[in-house]
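Could you have a look at this structure, given as structure tokens, before my questions?
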Amino acid sequence: MFSRALVVVLAAVVGLVSCAQQEEPIKVGAIFSVTGPASFLGAPAARTAQMMVDSVNAAGGIAGRQVRLLLRDSVADPQRAISFARQLIEEEEVFAIIGPSTSGESMQLKSLCNDAQTILISCAAAETIVDPVAPYVFKTPQKDSDAVRRIYETMNDLGIQRIGVTASNTGFGAAGRAQLETLAPEYGIDIAIAEVYDRAATDLTAVVTKIRAENVEAVVNWSIEPAQSIIPRNMRQIAFDVPLFQSHGFGNIQYVREAGEAAEGIIFPAGRLLVADLLPDDHPQKEVLQKYKADYETRFNEEVSTFGGHAYDALALLFNAIEVAGGDREATRDALQNTTGLVGTAGIFNLSPTDHNGLDKDAFAMLTVRDGAFVLYEQE
Amino acid sequence: MSREWVPFGALAATVILIQLVTMFTNTQYYLTQLIMAALYSIVVIGLCLLMGYAGQISLGHAGFFAIGGYTAAVGTTLNLLPHRDHVLVRMAERAGLTIQTTNSWGVDILYFSPWITLLAALLLSGVISLLIGIPVLRLRGHYLAMATLGFGAIIYYILLGSRFLGEADGIYDVPGFGLPGGFTFDGARNNRVLSYYFVWALVIGLMVLMHNLVNSRPGRALRAIHGNEPAAMAMGVDTARYKLSLFVLSAVCAALGGVFMAHYNGGMGPTEAGTLKAVRYVAIVAVGGMASLWGTLGASVVLNFLSLRGYFGSLDDAVFGVVLITVMLVAPDGILRRLGMYTLRRNRDTAPDAFPVSAEKQVQRGTA
Amino acid sequence: MPSRFLRKSRCSVALLEVNDLFRSFGGLRAVDQVSFTVPNGMIKGIIGPNGAGKTTLFNLIAGSLVAESGTIFFDGRPVSGLPPHRIAARGIARTYQNVKIFRQMTVLENVMVGCHQRSRGGFLAGMLRLPFTVREERRVRARSLELLEMLGLPEVADQDASALAFGRQRSVELARALALEPRLILLDEPAAGLNIRETVQLAQTVRSIRDLGITVLIVEHDMSLIMDISDEIVVLDFGRKIAEGTAQQVRRDPEVIRVYLGDEDAEG
Amino acid sequence: MSSELIIQYILSGVTSGSVYAIVAIGFNIIYNTTGIINFAQGEFVMLGGMIAISLVPFMPLPMAVALAVVITAAVGALAQIAFIRWLKRPHVLQLIIITIGLSILLREAALHIWDEKVRSLPYFTGTVVTSVRIFGAYVSPQVFWVLGVCGAAVVLLSLFFGRTLIGQAMRACSADPLAATLCGINQKNMVTLSFVISAALGALAGCVVSPITQTHYECGTPLAIKGFTVAIVGGLGNSTGAVAAGLLLGIIEAFSISIMPMAYKDIIAISILLAVLSYRPTGLFVRREVGALKEF
């Protein structure tokens, strides 16, 4: 029993040592919550990263070097994320780390990577990741505040003033709720009620009942969990017929399918990945989006989601900067923060030393759901 | 040195040996996970005493770990500068209990000394475990397991629901723990060797204390409770008080681990209070043989080290599930004892059996 | 030592006084209005057929069960309603009909637990091995070995107590009870399961316990043993006290002969 | 608060309460036979839902549900036979840890058999947006399915345990395993049977609640914690009490949401669990004297 365990351990150690005896590829670390509570984000991101690295290697690598992806599953646990990050930095001496996809983990890694002078390209949404700017820390998802702005602009167009807010008790939900509250006065919006629900919530009738009693003109829900399909269902079930806005976390057709008929008419901001085919042919992102979508869907036999797109953007930015700067890490970081006009899935990246995200609110399109599919809201 | 202390000497020697080996082979990065494994070991050493020697299960120790970690994290990241005029802050500052510095983002901050927050964390976990232990420790078996699980869940939801505690993001940018001699316990690469020796000194110290406890008057009383509770009471042992004291002691141990984890990793998130972490602690104690401090320490270091290095990949939780079931099926008293490698002292099997067949119950049933 | 003096001054009074004790289980009156006293320094026997309420009576005195009515005075102070460990602290020790040994502890450690009340060291002192606990530990160990010596068990001191033969486990239990330094010891069928030689030895041991100044209350089925060693005997039947007196008196009591000895004869 | 609003809160409480209740009944079956709590009960619920969802594209809904129940019951039997049946006199701590381990294994297996995505069964009647109007408030018709299954389970279980020989044999095993064995009851078979029944009921619960709650690999544990809370509050082993406690807890939660932030909902529910455990472990609906015979 014990000796067998010992053999397994030894085998693992030996395997690890022998792996390290290869010629010099560029090592890129990836920390994603492939399983666990944030797997909705991490799993498609991890698949995307593997796909990108494979295709880059098949095409001869970056700057003449192969890329090796070192993927770690953090299970959305910050302690494990930290342990893996230290391991990747010190032991594997990775060139850069992409991920994690939750803001909690990303914030724990921010100082760590910055102090170790290792590039971190986070795939989490919270703006605190790049504000204040840390020289080595970047992020690819669009800004929460821009998502909120797009929603509020749409509300202004529709003449909506009094709203109710629901958010899940995750980092994503909390960050969105904070932005909604901060920006409301600027757009003349009055948040009558804000409620937080558990990410594992199974029925939200009571909370939508409470919101309905506040006579709001619209509801904004901010989450990445399955519960965002429950909100529209429960609203329709209690005949609560006001417009429902969701966050960019709704960018997964799975959630539309779960919400069924109730998803019809939900308005939400998202990158254009989900509506790639509907874009006009001259749209600068169309080609990139269609290619990623086709590649991903053929390889993994599942619909693409915006969360995988964030990993795509992270690697696209990184590879681009390496191409520009060669193998030097410092130069790559400089190249990275001076990237302009890079077309990604989330938008067109224009970074600067003071903006380590590089997306503006035009990166978001307002989408809605019609006949169980995403369509551009403007085209409606 | 009497034979009693040989294992401790051996442990200390191993700790030093590992450090020297990693230094000469230039693989010092292994120390990172050994430090974190040591911090988790502090939790399970306490839990081992509670489960193995007093026979009380707790699925709430992740909650105490988080209480410790969060107290340290909040206390040392809360910027006191805006509250400088407050009487308490002024008093603390004058007494030298605060630290003023500029953080990595160029903000001036004034925060409580980690020593103060360490003390606060230990006190807080002690008081909370006392309050929760009084009603809960009257329960047994499944009821106790569920009640402690419920306690852990409450802590988890409080952490998730409080803006003050950072909600799902937790708390980050926690400074290191300044120790005498100008050395700081934190995750920085150049402090690693000293941090390693510091935590392992802590673990060895704790092991000595616990070993002493097991072989002292209260330790004997606790084992007697596990061996036969009614008889222990008839011998004058205040069983309720002893169980409670041990519960508090193990909770304080968990908080101690949490405090240093927060300083080492520079933060803490609500997942530390999650059910899966609590189950992990129980699993480790079970693998170690319930009533074996050395077995528990060994299991903790091996399992945590492998898990933190990511050897199990996405099967991490599954591995713990398999280990739990296998150990319970094959060797419920622990693998070491199964292999006959269990020798705590001169005489064999002096520690209580993890799963004594309840003779009490048999008799009651038989005559009922 | 004034307290010692006070205790001595009460020597003439009963050490244990049981008044109208009552306890039922469902409809069964297990102990029904039982009263008796045990003077200091006496060996008092309790006999009665199976189910007469003898063990329940012990459990009530030792605090494992709480009486529904009635009072128990020990050394002139009420002890009814106190938890078992407080009663033990007052100086009442007991053994069990079904031996309750501390499993997975050595014989010596079992006896050392008995010294619990007579030592102080707490959690902190134990963890830090403060000098006073080291001295205390040495004292407790010596005292326990002494007791093992007295009961003829010194050679098994370091063995696992639960691995011993049944008769020896009884002796360990007795040593453990004596380690409490009690003023009253309750022995619940100490001869059950013992062979003749061991029973003879037991009688000797009980007498020597009394000679140490410890009062003995003993429940026993072995008639010859109990008639031999008891100064006084209480006879219970269906929870009620039907007779009390010396062995001679009890043996002649018509009620006892009818319900008890009669039964025995019929069975025998 | 208008009366319509009050009714709406009650109905929303009934919706979540009915889900808790049906999960709680599953705990009771194993408890009634063995005196142990199966920490993997929530995973049976998850498995039932997942299997039915995978089957539904290939067959009509009732058949998919039936098959899911059968398969999950088989899993329950296998788990019991593999991990519990052959143990000689297992200690309660051992059983707790084994069922916890089992719950982890089932969850991880589900993750690797399916994936991390969320799924759900179609509504049994109507669609996602159908609702029934009662006194000006609305409720999804699926709630009646859940309540109906709860009611049927309570009635059938009480008939089973009260009237049938095999049911009485199972209860005897819990009351006194030794005596039951002496009476010629094969105690081991009874325990296995109890796992089969509770897994089957868990699976059925998983199917009827799936349209409301959705199903994914991690949904078992939160449901189990709520289900256990309800089982304790209602008195362990008492299925009628579980239904009453489930509805009560659902309604308390709904009204707690109406007056305070929803973030505290689960804290309230678990605090009720702790309070009941600490001060009335027999549950609210069981007389103290009955409970006094149990060991806590």
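Order of writing sets the labels: A, B, C and D. Residues in every chain begin at 1.
The working rule: contacts are C-beta pairs under 8 Å (C-beta built on N, C-alpha and C of every residue); 3 or more make two chains touch, one makes a residue touch a chain.
What you see is a predicted model; the values in this text were computed from it and never measured.
J.: I need the common contact partners of chain A and chain C, sorted by label.
T.: B
J.: Please indicate which chain is farthest from chain B, where distance is taken between mean Cα coordinates of the chains.
T.: Farthest by centroid: C.
J.: Where the CA atoms of chain A average out and where those of chain B average out, how many Å apart are those spots?
T.: 35
J.: Compute the distance, rounded to whole Å, between the mean C-alpha positions of chain B and chain D.
T.: 33
J.: Distance between chain C and chain D based on Cα centroids, please, to the nearest Å.
T.: 49
J.: Counting in whole Å, what is the centre-to-centre distance of chain B and chain C, each centre being its mean C-alpha position?
T.: 42
J.: Hunt down the residues of chain A that sit against at least two other chains at once, touch-wise.
T.: Within chain A, the residues that touch at least two other chains are 35, 169, 196, 198.
J.: For chain B, jot down the residues that touch at least 2 other chains.
T.: Within chain B, residues 157, 160-161, 317, 356 contact more than one other chain.
J.: Do you know which chain D residues sit against two or more other chains?
T.: 261, 263, 266
J.: Go through the chains and record each pair that touches.
T.: Touch list across chains, by label: A-B, A-D, B-C, B-D.
J.: Would you pull the chain B residues touching chain A in the complex into a rising list?
T.: 27-29, 32-33, 36, 104-106, 157, 160-161, 163, 166-170, 172-173, 187-189, 261, 265-272, 302, 306-311, 313-314, 316-317, 330-331, 335-336, 338-339
J.: In the complex, go through chain B and note every residue touching chain D.
T.: Residue list for chain B touching chain D: 51, 55, 57, 132, 135-136, 138-143, 145-147, 149-151, 153-154, 157-158, 160-161, 275-276, 279, 282-283, 286, 315, 317-318, 320-322, 324-325, 328-329, 332, 354-358, 362, 365-366, 368.
J.: Using the touch definition from the top, list the residues of chain C that touch chain B in their complex.
T.: By the definition above, chain C touches chain B via 62-64, 83-85, 88-89, 93-94, 96, 98, 100-106, 109-110, 112-114, 116-117, 119-123, 125-129, 133, 136-137, 140, 158-160, 176-177, 180.
J.: Note which residues of chain A are touching chain D in the complex, please.
T.: Checking each residue of chain A against chain D gives 35-37, 39-40, 43, 169, 195-198, 200, 202-203, 205-207, 209-210, 213, 226, 229-230, 233, 236-239, 254-255, 258-262.
J.: Please name which positions on chain D make contact with chain A in the complex.
T.: It is residues 1, 5, 8-9, 11-13, 15-16, 19, 111, 115-120, 127-131, 137-140, 209, 212-214, 216, 218-219, 222-223, 253-254, 257-258, 261-263, 265-266 of chain D that touch chain A.
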